[in-house]
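These notes open a run of structures that come right after.
You will see two complexes here that share chain A, one where it goes with chain B and one where it goes with chain C.
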Partner chain A sequence: MRQIATTRRTLLGSAAATLAAPAVVSAQGVTEIEFYFPVAVGGPITKIIDGYCADFMKENADIKVKPVYAGSYVDTLTKAVTATKAGQGPQMSLVLAVDAYSLVDDEMIVPFDTIATSDADKAWLKAFYPAFLANGTIDGHVWGIPFQRSTIVAYWNKEIFKEIGLDPEKGPSTWEETGEWTAKAIKREGDRVTRWGIEIPGDGFTYWLYQGMVAQAGGELAGDNGRKTFFNSDAAVEGLQFWVDLMNKYKSHPTGISAWGTGPRDFLEGKTAMIWHTTGNLTNIKNNAKFPFGVAMLPAHKRRGSPTGGGNFHLFKGANAAQRAACLRLLRWLTSPEKAADWSMATGYVAPRPDAWETPAMKAYVAGFPQAAVARDQLPFAVAELSTHDNQRVAQALTDELQAVLTGTKQPKAALDAAQEKATRLLRPFQKA
Partner chain B sequence: MRKESLQAWLLLLPALVLLVAFTHWPAATTIIDSFYTTPKGSRPPRFVGIENYADLMTDPVFWTALRNNAIYAVWTIPASVILALVMALAVNTAMPGRALVRMAYFTPTMLPMIAVANIWLFFYTPDYGLFDHILSWFGGGRHNWLGDRATALPAMIAVAVWKEAGFFMIFYLAALQAMPPDLKECAALEGSSRWNFFRRVTIPLLMPTTLFVLVNAVINAFRLVDHVVVMTRGGPDNATTLLLYYIYEAGFRFWDQALAATLTVVLLGLLGLLAWLQFGVLGKRVHYR
Partner chain C sequence: MKVSTRFLEIIGAWMLAIIWVLPLLYALWTAFHPGEFATRFSLTAPLTLENFRNAWAAAPFARYFLNTTILVTLILVAQFIVCTPAAFAFARMEFAGRNVVFAIMLMQLMIMPDVLLVGNYRSMAKLGLVDTILAIALPYLGSAFGIFLLRQTFLTVPQQLDDAARLEGCTLLGRLWRVYVPLARPTYIAYGLVSVSYHWNNFLWPLVITNSVNTRPLTVGLSIFASTDQGIDWSIITAATLMTSAPLLVAFLLFQRQFVQSFMRAGIR
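And then the complex of A and B:
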């Protein structure tokens, strides 16, 4: 009985304390901020982010941070935009870096350079890899702070390379090597191919992987501050021809669309000697591969090249001055070299600033797992991910035509002409008069 | 009289409020939105009359979605209804393990569509998926079921039929169980063949159920798109884009409120027309006891 009474009293006491707490603390000027983060509830990432928020609040008693886990990237954007339109949006959200144009056009976000005005703040804005800042830089302002960023790399199975008489320690460095080496890896049973040379995903992020090939051919897909596309340039056609050649000339790539999700699985099962995939899969492959594997930069043609990918933090208009300052402090804390390194090691995303890679913890990690550094070494050759005004739709127009080519219903030039025509039409409202 | 009608309105009120708030009001605003441009930032929506509809007529993706949806409906509706009837007849007879078989047929209905899509995603995986695995025993090669324009839509149709047939079977089974056994005895005394009995007695008595099932099947043919989201995202090259999926893309990926509203009105009109056909034409031929 006594125990129950105590418990009850304690409960009542703590309830009273909880009720009183906000009043007391807000009297001291606590700023509350909320940010959306694209991850399904309960994953390992939520634990990491929750941990960061708790640590940050311990060091900064005057700020209260509430992360909201909002599902996939698309879900998160949908929720953030819908909530903002209803006047209840978050102060910050991490969404795909390429959605910045849409958010700017919808007048939903504010640029960071307008609040990051002290010398230390300005130095912080300059500390990121330019390739990661590129997508968030529009009209001379910085709208997105890189955090959950990735890029494409090539994974190869060292055992298969050894078996077919190649140097297992060296990945292909040119298009020709990629085609010829992967063609050697093919294994057949009668007419049936039981092992492929290479798989490059053609669904979901088709344009993203394709953009790597265009960059390697020396071209780019978009420019003029997101108002123009160059889908049918010579380099763009050459890039697509390489993908088609892998299927038809070298015959080392399965015809049709290879699925994004089956790529890593096929690779882990030894059904394909190589895949091109996001660095976001590095930890998965490291944990599940039963064979030694290598990670290479994407091959060069006229040059090396790979697009960046992933999400940036964006600051929404609904935040008041105190909340904007609090968001800035949180971001500076989250992207400090030590935290960025910790985040990169825990998740496999690429630490977005060079000095993160110079921290002792990161150096030790890379020494034990050199594959992790490949993405970093590729960054000087990286290009901004395809991003334009009305981005999702322009990217979809390109994806549709790319898939028509991959499934063999159209020739590269004709398809890219059609994609360019459609994109030009979509971008017409954004041309300067 | 007045008191009675007041009472009636009060009784109707809860349903009325819900219907107006969640069905009629959104439908009305959607129709209005379809005559305006999409608001962007500080640019408010602008009245454009039927321009959105004219744009839709020249949108090739809309026509692809419409054609895909027609094919999808033409295959899923009869296939799932006939399969449901066959399954119901099968488990209506006395056989060992009947409860188990009934449960097996009904299981797909209980699974959420997202789970179903993920299971089938594995079935369709090239090389080591279930179908390619079985085909390899007979010397079949690799099939990229979802990555090939020719097989992607049929693959979606198969999933929908598999998912729906069990649900419709339950209604047929219930109707069969409710059928008086003396009819069968009577027919046996008259020397009627089993086929004749099925054609002249069972089918007509099942007509009310068939109408109900058909209405549901038609709605589902335009409503069930969850597996498209999980399995193909409308690809390759829009080969599996269905109308509702295109509405979702327009509304929540492209943020094009005008296009989404216009598409919704078109879908609404289409479903209205189909409902009118079903109840107006088919309904008259249904014999209710």
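And then the complex of A and C:
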């Protein structure tokens, strides 16, 4: 176990800050903390985070917070791990919730329950939706605090639904309805399809969207504390068959791989009647849609189901005791019901605790924009996002095989058998002797 | 027979050129038209500069341009200063173990810079340089490729020219400066282009080692548009891409002429 004390930054008793601080605090000086956040500099989200940090420092003069914006999730993880290995890491970083196993295995992070020891702290840890805590809970410890969390929802274009004779106020609630309804939305010019029924992104987060289908078929993809995968279970095959059916049986989904990045744009331009996408896109679609749209939970087959997604805050080993305490205070402030509600309204990410939805501001927001509450209502059916030891490689093994099926080069069962075999090999070192 | 080969060559060249220029043409089309025409072609589509305005406003690009310019200039100047004497020593000086040292240096070409990420970061942290432009440049100042390229060029300089200069009483540095460097000008320009475009486009290392707007180069700034969570806006991306790659494209076109001319002049002399 390596412990690096970054005293250089911590004991900067800056005169200006102490003057402004209350007398009790000035004796201890100012604790500086730095956290990495996965968004690029200058984007709209940076302004929100900058604002939160400024407000927090106004209320807590003994803590100085510096957010560092580090690009995509993958870039942020690379940056945090590199800097930590060099002994100059951030005290906290928001990275994908599913990277928790890798961070624990590499001994990069410390669990929050070891520092959140007061009764109030313990109550705080229990206040989150269990579905969001699931990915960050390993070996009985809580390693990740949910913040930028999302889930998959189905967006539908009410105008197109009306045009093809469907009830525009109702999204499809089963697999069959999804297939049959979206098949009606197809529009052709000669042999060319100019409007598709549905697009489900097959790149970037392939396994994530697929996991929704597996959950709906009544299965799960991983278990046993991240040491086992069930990629070729009956439910997993059935789930993938649904995706293939949309392409080949209902013919309402473009064959091949639909792009994650262009899905929202296709939807906004009316090139597809429905998309499955992250709730993180809700605000974007709300601001840019020129037609009324609806948001539905993902359809049910044997049950409803959608994986959670997005990022958790993780506490890195480099932080000393004072910094850990400061991080805890910042997190408790950031995830307080009022701030969580504010964050959710500003971005479309799902407020990670039930009482945030009970705040007056949030209630007013949901009353005016009921689509925002769909993700929340889906949470009881949500499952933890696929996460295992050596997560990136295991997820990649599954993604490769899924894409082979989407492009028509492999049959679902054969592909999933291959993915399971590869995952089993990757996970062998983590089996208990 | 000969005519048909030539015909094939021309067709091949054109096809390659078209494939190369297509993304650029698409970028030009999309950048100057409103978002709804991003994937639709219509001659009557209205022209607009709105995308450039939005892209420019989305990040402190002026600062990023300055940072990138400082960065590539710093690297290029330092590389020339470091590589020239090294290449000269390898080409024209006899010393014990020359070939071994040369081989060791060439091995650097086999190592991907990304592998050294953590090691480099650790060095920068020890030097207290994290989050500075110098830290982005430092690992690249000694370039094995540059030394190799210049050495090969220096080897082609006729020994007689060197001897003549020596007879005239030229010092070692004088010969390097007055004989070798001028004759290697095309190589310098070629290497300069490669180096500048590589560091103009470098992303991973600058991202990892920088934390603030004041040090980040263009590429890291550009990544703001790649936040795929919110969906991709092709119009703004293409506008920003054109904006940031324009200086490089213009420089390339300008220096291409210079490039050819230098070759000719070097040949005549």
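We adopt the following convention: the second predicted complex is superposed on the first by the 405 of 433 C-alpha atoms of A that agree within 3 Å, B and C clash if a C-alpha of one lies under 4 Å from a C-alpha of the other, contacts with A are read in each partner's own complex, and residues count from 1 in each chain.
Keep in mind that, in the parts below, contacts are C-beta pairs under 8 Å (C-beta built on N, C-alpha and C of every residue); 3 or more make two chains touch, one makes a residue touch a chain.
What you are looking at is a predicted structure, and each value in this text was computed from that prediction instead of being measured.
Bringing the complexes onto one copy of chain A puts chain B in a clash with chain C.
In the superposed model, A:262 lies in contact with both chain B and chain C.
Within the superposed three-chain model, A:87 lies in touch with chain C and out of touch with chain B [touch as defined at top].
Of the two partner chains placed by superposition, only chain B is touched by A:404; chain C is not. When the two complexes are overlaid on their common chain A, residue A:107 makes contact with chain B while staying clear of chain C. In the superposition on chain A, contact of A:278 is made with chain C only, not with chain B.
Residue contacts after overlaying the shared chain place A:59 against neither chain B nor chain C. Between chain B and chain C, B touches the greater number of residues of chain A. When both complexes are overlaid on chain A, the residue A:71 reaches chain C alone and has no touch with chain B. Contacts of A:39 after superposition on the shared chain: chain C is touched, whereas chain B is not. In the overlay built on the shared chain, the residue A:204 is in contact with chain B and with chain C. The interface of chain A with chain B overlaps its interface with chain C at residues 78, 204, 261-262, 265, 269. For chain A in complex with chain C, the residues that touch the partner chain are 39-43, 68, 70-72, 75, 78-79, 82-83, 85-88, 204, 260-265, 269, 278, 280-281, 284. The residues of chain B lying in touch with chain A in their complex are 40-42, 61, 121, 125-128, 136, 139, 141-142, 144, 146-149, 232-233, 235-239, 249, 252-256. For chain C in complex with chain A, the touching residues are 36, 38-39, 58-60, 117-118, 121-122, 124-125, 130, 204, 207-208, 211-213, 216, 220-221, 223-234. Looking at the complex, you find that chain A touches chain B at residues 74, 78, 81, 102, 105-108, 190-194, 202-204, 254-259, 261-262, 265-266, 269, 271, 390, 392-393, 396, 399-401, 403-404, 406-407, 409.
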